[in-house]
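In what comes next, subunit A is part of two complexes: it sits with subunit B in the first one and with subunit C in the second one.
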Partner chain A sequence: MRRRTVALIAMLIALHLALLFAGFIAPYDSTAQNRQIPYAPPTRLHFHDDAGWHPRPFIYPMTVGPDGYVEDKNRSFSLYFLVRGSSYKLLGLFQTNWHLFGVDDPGRIALLGTDGFGRDEFSRVLLGGQISVAAGIAATLIALLVGTVTGVLAGFYGRWVDESLMAGTELFLSLPWLYFLLGVRAFLPLHLSPVATFFLLTGVIGLIGWARPARLVRGIVLSVRTRNSVLAARGFGGSDFYLMCRHILPEVFGVLLTQAALLIPRYIAAEVTLSFFGLGVNEPVSSWGNMLSVLQQYSVLVSYGWLLAPVAALFVTSVIYALLADTLHSRLEFLST
Partner chain B sequence: MNYFGRRLVRALLLLAGVSVLCFLFTEMAPGSFFDEMRLNPQISPETIAALRSHYGLDQPLPVRYLRWVKSVARADLGYSIAYNTPVAPLLWERAKNTLLLTGVGMGVTWLVSVPLGVWIGTRRDRLLDKVVSLGSSLFISIPEVVIGLALLAIVVHWRILPVGGMHSADSDSLSNWLRLKDTFQRLLLPATVLVLVESCVIVRHVRASVIEALQLPSIEAARAFGISNARLLFRHVLPVAASPAISLFGFSLAGLISGSLLVEVICGWPGLGPLILEATLSRDFYLVIGGIMLSGLFMVAGNLIADVMLLATDPRIRVEAADAP
Partner chain C sequence: MKVITRLALPVCLLAAACFAATAPDKPQPGEELALAADLSGHSGGHLTIGGRAEPKTFNPVIANDVVSREVTGRLMADLIEINRSSQQTEPALAKSWKVSPDGRVFTLQLRKGIRFSDGHPFDADDVLFSFAVYMDEKVDSPQRDLLIIDGKPITVTKVDQFTVRFTLPRPYAAAERLFDGLAMLPKHLLEEAYRDGKFVEAWTLNTTPQDIAGLGPFRLKQYVPGQKIVLERNPYYWKVDRNHDRLPYLDELVFLFVGTEDAQVMRFEAGETDMISRLSSENYNLIARDHQRSHAQLTDLGPSLEYNFLVFNQNDLSSKKLDTVAQKQKWFRDLKFRQAVSAAVDRDSIVRLVYGTRGAALWGNVGPGNKYWVNSALPHPQRSLDTSKQFLKAAGFSCNRAGQLVDPSGQTVEFSIITSSSNTQRMKMATLLQDDLSQLGMQVHVVPLEFRALIDRVFQSFDYEAAIMGLGGGDADPNPEMNVWTSSGTSHLWHLNETEPDSPWEREVDQLMQQQMVTLDYAKRKKVYDRVQQLVAEHLPFIFLATPNILTAAHPRVGNFHPAILDPYTLWNADELYVRTATETAGAR
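And then the complex of A and B:
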């Protein structure tokens, strides 16, 4: 393994660990409001005051001055690691209230500022990332699952099975997918619980996206089907199901992996887009998309630039996945030649 | 039936399939446009029922579908409940703006990316090639929503351009020239986003196919015969390298309506996108279906045009088409 690949995989793992343990890393709950500090700018960490240097960073609380927020230098709150705060479920299983860092009450630390309800943007980006990235991965799994099944069936049986399934892929490929996604979403209930919305959203995105993986898989199956090893296995009396599982699917695996790396960021972006339009995960639960929807008002965008944080997060995620897809693609080509 | 006829029939079948899918989904929808009225105590249930039957919403699915097909034949494309008019004029009003935006975007995209792709393809591994290749592979991986919002933030923060809508508020009092300039300025941001998003794909494909064509034995031979570089490029390389670009051109045409939805919403461009989004939120089904069908029409037509162009330029496809039953 080259050093670049190792670094890439390390970044990928770090990203997902950060999202997996978002509840621990985030100092606050994503829905915890603080109406006293709406649109507060990012809190600055200080190491130095009149008394000199301190090894432990501290913050000053925000107060409203004549020109917006200023730091109130009369009081300060030290930053502590491993503190007890609001309770949450770690990994969705263990009830706990430990957080990676925090400040004593009544201090509030907002590393990326706060939104219009005074909710901590940093916590919301992390916890919203859980939803957005999970939606992308789940939708990809659905698309790949449906695509693989149809692709293998079409390639393996050929004839009318192939023709009807491929006509289906042509239909889905010629759909204007974003319009269609809007349409489908329009036909489904608008106000649902966040969990139901999440499953609806991933289901819809995944089911619209099955066509392209299906075509790729079918192409591979067509070439694998006539290999001597497969013919021999059939000659020995292997059933269709056995042939598909034992001889065809392993060949498809590499392409599926590359497709997954390509599709996950695209479907994360799809979730972000739909939630941006107000058709995805609803408030108060955060997702990168619904956090961005306030930016449709230009005045918010101009004055409170830190609310673009989800854009940066989405950017980083997409680039990491794109690099992964690139690496996978070139390694597979290397293996197949 | 000849090749073109077969593709045309297939395209029409695809459109019919899209419309059937749309109607199947409306059947699954639990809500309707009149749901909000039910919460209003001043509107009696009888009134709502009367409205539903007035708009034909109480009919079973096949009847609604047939009625819709009839209205398509009248070029109405159904009836918008929210706007209380046929859908087609509403769509057309907005589609003009969308086509202005995407047309400009597509024109600039192709005028820039084809020469650029050919240029860096013939000068492989030089500095410009490396810069453009790296830049395009970076931009290709960035979601459109990120590019759009980031550019919008830059433009709005430094007040580089006016954004939002097509005209400024006082546009009626302006002279024609100033009005044109104003619209052009407002067009610039969404068009730039479209160009950035699309040109990366095209530049990469054009570059790859030019590089591939340059390695053909026939090109080697032509070079050995002493044919000049310019003639080699225009007479021998480009015709061979054109096929992928033509397919992509078809995709570009196909996206003329549907490609700009997100950009329109982000930049506030009054095209089809915001209209359909609004219709989605208010569950104005026929308007949404009209939007899907219009963009589907462009999708299908774009692919059809690409097929025909490939047929005209690529001899291999002509042979295949003649062989096919």
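And then the complex of A and C:
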């Protein structure tokens, strides 16, 4: 049990570190077009050529043949680690141009192929993941914060506070949020910067999603507030605020953690859905959703399989989070029994 | 007595039904039919076409959308037609015509003895009625503008039962091309609705098929909302092939409503439909890849007449509350700014990445596909960022430390380009342009909009900065372009509702466009239109980008498949299409 939790957490940390250092791991700028190689398939790494085996992997450049791309075996480019390339801001703070790996110009390494503008799909998945996953986490934080506050207030005070707040949750649960967001977008100016779009997305997803955690929290608070320990604390003159912070919130914490693990992948998927329909982050900045939107075209879907890479990324992320939620949930039950 | 009339009616109906069923197939004496001397094929069978949308009406006079026109075009016929393949006019319902030496009077001889698809004879009264409808202000037909020259309508007079005379207020170049697209209507079916002022409501999608008749190769058999339209062979059609067999060959033509181009391709690949009239290069390549198995007839007809362009908003915004746009208009109105943008556009990349090399770069409104009218003397400058920067420098723009372009007043150059979200090709152009212009330090944002929202902004509210759009594609002749280039035109997109020409060059274009319209000699007219193209290319009201090739596909069993670069690309010769036998199909591979 414990080993599984540790493994999952390690995977989760690795995933988020990869996204955090996306600019470093990605060999190219995710918006840089290379118009000579649109829809190029993933570059293959070679260790062996006519001269024998090489410890250092190398690639052959892509050229266009009569039936699409072929490897030009006349030239090869070795793969190097820690190379200088396009400049970017590491962690959004330090300007640098070091990349984890790369090949010499004019070679291009595209581990996951390129899109219709010749942009490196691998770099785009990593940098797009930053946006999609950050949106999921930020929206979850908003939803849990709002949900906890309303849930605690409703459960603690009961009566009309409870009834009005819970009526509010019902209203929000019944909102068709995709259409709601379409409506919201129509009132905003034509162009929004990627940052503004990001906050709009997370804000809207989070503010619509608070209702479910609020109900959960309320249920727990309802049962906790009549416990003897809480009644005793009140008898000793504890204020409402003291009771909520000291006695009630700690009881809610475990549920919130499980909820977070459940909600993050769901909200990442929400961002992907919205960007897929063109409501999210706009070109040329990538996000998993807007990268997938080209697959709405039948010809792209059936011809360039590597453009499905964001689906794989989304799948892996969701599975890790879902397993984690599962483990957290069973641990919680184990502790409470 | 009563009994007799009660009996007589069903008997008459029965007779009519028998008459309709035994309608003439072999030419009848007295019928003046059109002979397609080198045409052969064989009768029977049906073809299915996947359409992207449903038509909105069966009324050819008010049909405004592509799909309605595609369907009504098969039900109706015109006096004179433009052969889509040769791009020249040829006789249709009029077997011949004479033009007076001053080019103002057209006398048309109608075919004698021909009938509408319900069996009713056609004569000059139907022509008079049709033109009365087209020119009626209350009907508001989209074709009406073409028939009003200098504010005066064309007058139509009946000389005898089969001769009609058209008098134009003044000479009009290529006037016979006007007749293409003006369907001749059955007076006996529509006169009542017209007299009652209900013409616009006539022939809707709910009208019973028997109440709709035309002179086209097909007649309406069935309309199933949301699913399909079935057209059946018009047994009275006025064309015969070289064996004097009456056209059309097909028994039925079925339009399925499938939704999108992708759905069209999937249905086509599954063998459920027989033809696609316009393909994107990606889908064309997709079908080509499967050619070994499907043996589809794929045709790349070369550059279309459509032109895609970037337009900057130069409208008069003084009455609107659009201060940010108005502020940016000082760039948009600066020719050097537009020249800089044009020089920075990588048109070759657009052709390669957007059209998969199946397209052509454009530097003017007439592309290489329009061989009769293109001004081939216009320069085709290659992309040059240096040239761009020189233009910008000359206009007082400079770069700040962050690499952003700033105008003389110190404002950073930032604008958004709107384009239709459903048009993936124009979306791609926008993303390429964004990258091209960022190399000049311009911050460009791409804003995809739903098509109607886009049209509203460009034509009504003027709330946009720049847009990528496409125009053209109808006829090769310069006349349909009048509404784009004359300053009062309804598609004068960069500056709509101009009361008078904004600048000397627009004044000159106005004069030239009027002049070409009344110049009858091709060489002289070409010279005038060449000058228009030159002025447009020099003053860049639009930044021309590229034009796609016309790509079509048909199942190998479709015979006489001769797509053309003029709309409707594949169905213009629907009367000649036929279904090949299995052996013929195998032979054609």
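One rule holds for everything that comes next: the second predicted complex is superposed on the first by the 322 of 337 C-alpha atoms of A that agree within 3 Å, B and C clash if a C-alpha of one lies under 4 Å from a C-alpha of the other, contacts with A are read in each partner's own complex, and residues count from 1 in each chain.
Just so it is clear, a residue touches a chain if its C-beta (ideal position, glycine included) is under 8 Å from a C-beta of that chain, and two chains touch if they have at least 3 such contacts.
What you see is a predicted model; the values in this text were computed from it and never measured.
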Is A:L8 contacted by the first partner subunit B, the second partner subunit C, both or neither? neither
After the superposition on A, what does A:L249 contact: first (subunit B), second (subunit C), both or neither? neither
Could you figure out whether subunit B or subunit C reaches more residues of subunit A? B
Per the contact definition in the header, classify A:V184: touching subunit B only (first), subunit C only (second), both, or neither. first
Have a look at where A:N282 lands relative to subunit B and subunit C in the superposition and call it first, second, both or neither. second
Now for A:T273: first (subunit B), second (subunit C), both, or neither, which partner does it touch? first
For A:V302, is the partner it touches subunit B (first), subunit C (second), both, or none of the two (neither)? both
So in the superposed three-chain picture, is A:S174 touching just subunit B, just subunit C, both, or none of them (first/second/both/neither)? first
Answer with first, second, both or neither: which of subunit B and subunit C does A:A233 touch in the superposed model? neither
Note: overlapping subunit A surface for subunit B and subunit C spans 190, 278, 298, 302
Could you list, by residue number, the parts of subunit A that touch subunit C in their complex? 31, 33, 35, 38, 116-118, 190-191, 278, 282-284, 294, 297-300, 302-303
Subunit B-facing residues of subunit A, complex: 170-171, 174-180, 182-190, 265-266, 268-269, 272-273, 276-279, 292, 295-296, 298, 301-302, 305, 308, 311, 314-315, 318-319, 321-323, 326
The residues of subunit B that touch subunit A in their complex are 10, 14, 17-18, 21-22, 25-26, 28-31, 137-138, 140-146, 149-150, 152-153, 156-157, 163-164, 255, 257-258, 261-262, 265-266, 276-277, 279-281, 283, 285, 288-289, 291-292, 295-296, 298-300, 303
Touching residues (chain side subunit C, partner subunit A) in the complex: 262, 265-266, 280, 282-283, 285-286, 346, 349, 352-353, 416, 418, 421, 424, 428, 430-432, 434-435, 445-449, 463-464
